[in-house]
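First chain written, first letter: the chains are A, B, C and D, and each begins at residue 1.
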Amino acid sequence: MSEIMRADNVSMIFGGLTAVDNISLTMEDNEILSLIGPNGAGKTTFFNMLTGVYQPTFGTITFYGENITKLKPYERVAKGISRTFQNIRLFSSMTTLENLLVAHPKCNSENIGRVLLGGKKLKKARQEIVEECEEILEIVGLKDKEDELATNLSYGKQRLLEIGRALATNPKLVLLDEPGAGMNSMEKEELSTLIRYITQKMDKKVLLIEHDMRFVMGISDRILVLDHGELIANGKPEEIQQNQMVIEAYLGKGMTDEE
Amino acid sequence: MFVQQLINGITVGGIYALIALGYTMVYGILKIVNFAHGDVFMIGGFMGLILAQTTNLPIWIAYPLAMLITALIGVLIERICYRPIRLHGADALAILISALGVSIFLENFAQLVWGTETHAYVQKIQRTAYNIAGITLSNIQIGVIVLCIILMIVLYLVVNKTKMGMAMRATSQSITSAQLMGINTEKVIALTFGVGSALACVAGILVGTYYDAVYPLIGYSYGLKAFAAAILGGIGSVPGAMLGGFLLGIVETLGAGYISTGYRDAFAFGILILVLLFRPSGLLGKKHVDKV
Amino acid sequence: MKKRISRRFIVSGLTAVMAVGLLTGCGSSGKSDTIEIGLATPLTGASAQDGQAIENGVELAVKQANDAGGIDGKQIEVVVEDDKGDASEAATVANMLVQNDNIVGVVGHFNSSCTLAGATIYNDAGIVQISPGSSAEAVSEAGDYTFRTITTDAVQGRYLAEWCVNDLGYHNIAVLYENDDYGLGLADVIQRETEALGATVVAREAYEVNQTDFSTVLTKVAASDADVMIIGGLYNETALIAKQMGDNGLEGMQIMGVDAIYSDALIELGGDAVNGIKLTAYFSDASDSEVTQSFIKAYTDEYGEAPGTYAAYAYDAANIILDAVANVGTDRAAIRDYIADLKDFDGVTGITSFDENGDVIKEPLRMEIINGAFETVDM
Amino acid sequence: MMQKIKKIKKPLAVIGILFLLLFPVIITSSYYLHVMILAGIYVVLSLSLNLITGYTGQLCLGHAAFFGIGAYAGALLMVNVHMNFFFALICSFIISGIFGLLLGIPALRLRGDYLAIVTLGFGEIVHLVFVNWTELTNGPMGIRSIPGPSLFGIELDGNQEFYYLILIITALVLFLLNRLVNSGFGMAMQTIKADEIAAESIGIYPVKYKLIAFILSSGLAGLAGCFYASYISYISPTTFVYNTSVTILAMVVLGGLGSLTGSVIGGVVLTLLPEVLRSISDYRMIFFGALMIIMMIFKPEGFWGVSKRVKNIYKIKAGGAQNERDYESR
């Protein structure tokens, strides 16, 4: 098993508030890793450090052996990290297909000169991009909606589109921020299948943040639990279920496993 | 000469600050730039002139009346020209264009009604100049500075110490949350426009009294400078508008005084750009962090 | 549904307005029984006040001609266009005027920048343009069809300099000028001419048109050892400068200016503060010329206020065109030749002749404001 | 319904193009021709501003400055160095573009209203430099006798020649911008307008796109300026003021942000409308102001907003799946 990503002693301090306190973790190959924890545990902050939205106050982040701590989000995308958002951030005035197209590295890096000159070669290159994106749409199950505006899709479909968009960047690792939020149980079932497909058939790694315990337990190979910015547990789903600290963290805060 | 120029700068700056308050309050609450505010200032100046001149009312009745009318005009502008667009949920640019439309409308309306000429102001206060150690200062100049400072302190207290002020601050944080808390946000917005416009009217009357002139296009340059002052101080911040106004007045006066009068306005905008580059949220503005 | 209707309404309304406007707004271009004079002047924007005075002057000249039976039994009409004091707008207006075949000549523009922008078009079209307000030296070279009833800055500047330095004995001079084509041109001439006479320009400060706060420039003047202040600008700003002098330690300093400040507005706005200002002018209500006096009376009867400098220049400009038409008919080239050869036209701004550049040659008057009135003086 | 529109679209376009081509032949009035030329200049200006404001979402209130820089650069080159008009056109594009870059670099730190005020300040400062740097710009007197274009010794300075020139320039700009905004590059620009954080999350570097948008936009405005200078043959600082910037912005917004067709409509309508309203001269600006308000209340997306955008142009341009499917079904 090789190491994909690791965080070493990462902390994030906003003003006087320590949102993430000295967390270290490693993500191994061939595992679906999940990050859970009660509200305000620092999950999203940690997530944002992995994607580059925040620069950690202390600590380093390594991706396939390369130090990416100082890299900006778009630079991390080039390294192969892509993400979805907790509050959906689609390009709402664009169509479903366009949301994917624009995420495709060959599309958004088109050379201006070539664009202005036009020509057959460009046409052919574009055809390939469109085909690749349509393939991804097929995978996330939105092929029949490809010409709809993103804003007209149902909530659950918008979440799927975000995953599709993340996949279109041709990533090695996909970070999913609460992908199941707002979905009904049937949609969640489909989501699980999709995530497994992504890891097994497309050979992408997945790290996800989730609230829904049942969903997380069902899909994860390993689970990390954050509380008050600290890592309180790390292990297989069964182990986490038994972990006293985790139960306290959740029940003590009056949280149930359903949002 | 330095002290004299400094005093000149403070006087002009006080007026910029009064107008800037209107920009900053509206921006604080609605996050829109009310480009018509400079013209509301002009209308205020004319209202003061007309009421004092034609009705023979004493100025302590005429001027507050003018403020009231100008405040109403401000509220009407919001009601008719901004609210429908706001409630549509349209782009902020749409409101900006509407504001530009209001500005064009008011300027040309004023030209049609009052003509294009410069009007001499009513002088109900005898002007006397004092000469202290080579520095000349007139009673009106002192009055302008003192009044500006008093009004700004009053506004600061209203915003920070009263219930209405609290409602205003809550609305500026988030309109939806404020509504959930039972605040009548539309009333708060109307009040903001009213207060801002009334202050602009005071500024108009002060300019009229101090410089003894008012004309339909006067709002353009004052409006622009006051807007710059609001941004300089940190738009959305009441003390920021005061600081920005005074600073802008002093910088442009000293720049014009010691370097070149031709580039007078360039100093004002130059410092503005510099400040924004190093402190993008203005001198006293809150740093904006994007939530993800 | 309601929204859709209103949208459609706006779009179709707009289209209708534009269609109607394009059909009617641009008027007739065929020959008809009226003679038309074009007038291009700023009716909106910063110079609108002067533009209005110019319109009044031209309308009065035309009205008088019509009351006298017109020319060859034809009535005269004025086609007024607003150039907003903006060069690009001036070009639009000029194009509009030259394409109307009934127009025999154009009075305009006011700002030198507009006159220059329009000049190419008038000269290309071969139609006479007489500016009532552009005194910049560059206008001299604008073309064969470009004339003006106002003298160049150089003429008046030289005269003012002589008066100021030689006759009044001021040697430390402060020049305040508006920061545009007019003010800068005048400031240059005044500096050149006063320094040629041995005086020194100790302060030279610009202000913007429509500025209200003059404390900064006045403080600078106070800090220099100027003993006279010459203004290269118009009446509004001059009045404000005069009024703000006291607050800035310049009580009692002599102000001098040119004909651009000759306007009742100066006195209305400036009140007591403008008493004692000395200026050169061509048009004056104190003139004993019969033409001038009858113009002042007619103007005051018509508009309820006394005419200023620009109304007078415009009145002369219109009358020169009318005179040309009365003598040589409506042929545009003939009109130009007539005006180019015009000698000693007796106008309200003095006896006018044009030199080879289309510039006017005449001697200015010396005036002073005494007790709220313009008076001619010897010193 | 869509079918119907598509059916009449083609003949309509042909008639439109024929009309534009034959305009100077049908209508000989120099005034109409002049207004059309001005409309052309403003269309180029509003198209260029749309690139920054409509597509990339950066509010710019100083567009007249670039228009002015191009005009002055072109005029000075043509008058002082006797450069040919067409070279001057290219030079003003480059010079304005460089200034766009210079403004763009620091301005990138700012967003929305802050950027707007910086560009506004930039516009004011540039105007003041035109006025006060007398040695270079001849100050408020302006620059006179700017020559018209000539090609191989043939003078092209009649109104008709200018008309065809601006027609060609506008068509070319429109053609190229159409390619640009409907490319991957153009889509990337639009993501920055929509949501910068989401854009970064898919690997788009906003700074790059904003800078290029600034350079192209200011360069095109400069090009329009050079043409303007040569056409009017006289320039002075009064043309390149805040009001002009606002007018151009109004064209973009009224036409429709993020729509090239909208910019064309906005540019033409806002040039023609004040001319049409001349017959009610006293009220025309009041009417104009009121119209802006009414439009924003009832039709905030402009005459031709982004909602009328052709979807998935990229796919259509690429001759992608849709066409293939058509082929298969045959």
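Convention: a contact is a pair of C-beta atoms (placed from the backbone, for glycine too) under 8 Å apart; a residue touches a chain by one contact, two chains touch by 3 or more.
Because the structure is a prediction, the values reported are computed rather than measured.
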item: Distance-maximising chain from chain A - centres being C-alpha averages; value: C
item: Chain nearest the overall Cα centroid; value: D
item: Rounded Å distance between chain C and chain D, as computed from the means of their C-alpha atoms; value: 35
item: Computed distance of Cα centres, chain D from chain B, in Å; value: 33
item: Between chain A and chain C, centroid-to-centroid distance (C-alpha), Å; value: 71
item: Mean-CA-position distance for chain B and chain A (Å); value: 48
item: Touching two or more other chains - residue numbers and ranges from chain C; value: 44, 179, 206
item: Shared interface positions of chain A, touching two or more other chains; value: 53, 85
item: Shared-contact residues (touching 2 or more other chains) in chain B; value: 108, 260, 262, 265, 292
item: Chain A contact footprint on chain D (complex, rising order); value: 176, 179-180, 183-188, 190-191, 194-195, 197-206, 212, 306-307, 309, 311-312, 314-315, 317-321
item: Complex contact set, residues of chain C against chain D; value: 3, 6-7, 10-11, 14, 17-18, 21-22, 24-26, 29, 43-44, 80-82, 85-88, 91-92, 95-96, 98-99, 111-113, 116-117, 119-121, 125, 136, 138, 141-142, 179-185, 206
item: Residues of chain C touching chain B in the complex; value: 44-46, 48-49, 51-52, 179, 205-208, 210-213, 215-217, 219-220, 222-223, 236, 239-240, 243-244, 246-249, 251, 265, 268-269, 271
item: Residues of chain A defined as touching chain D within the complex; value: 51-53, 72-75, 77-78, 82-83, 85, 89-95, 97-98, 101-112, 115-116, 118, 123, 126-127, 129-131, 134, 146-147, 149, 165-166, 168-169
item: Complex contact set, residues of chain D against chain B; value: 53, 59, 106, 109-114, 116-118, 120-122, 124-125, 128-129, 131-132, 197, 242, 246, 249-250, 253-254, 257, 282-283, 285-286, 288-293, 295-297, 300-301
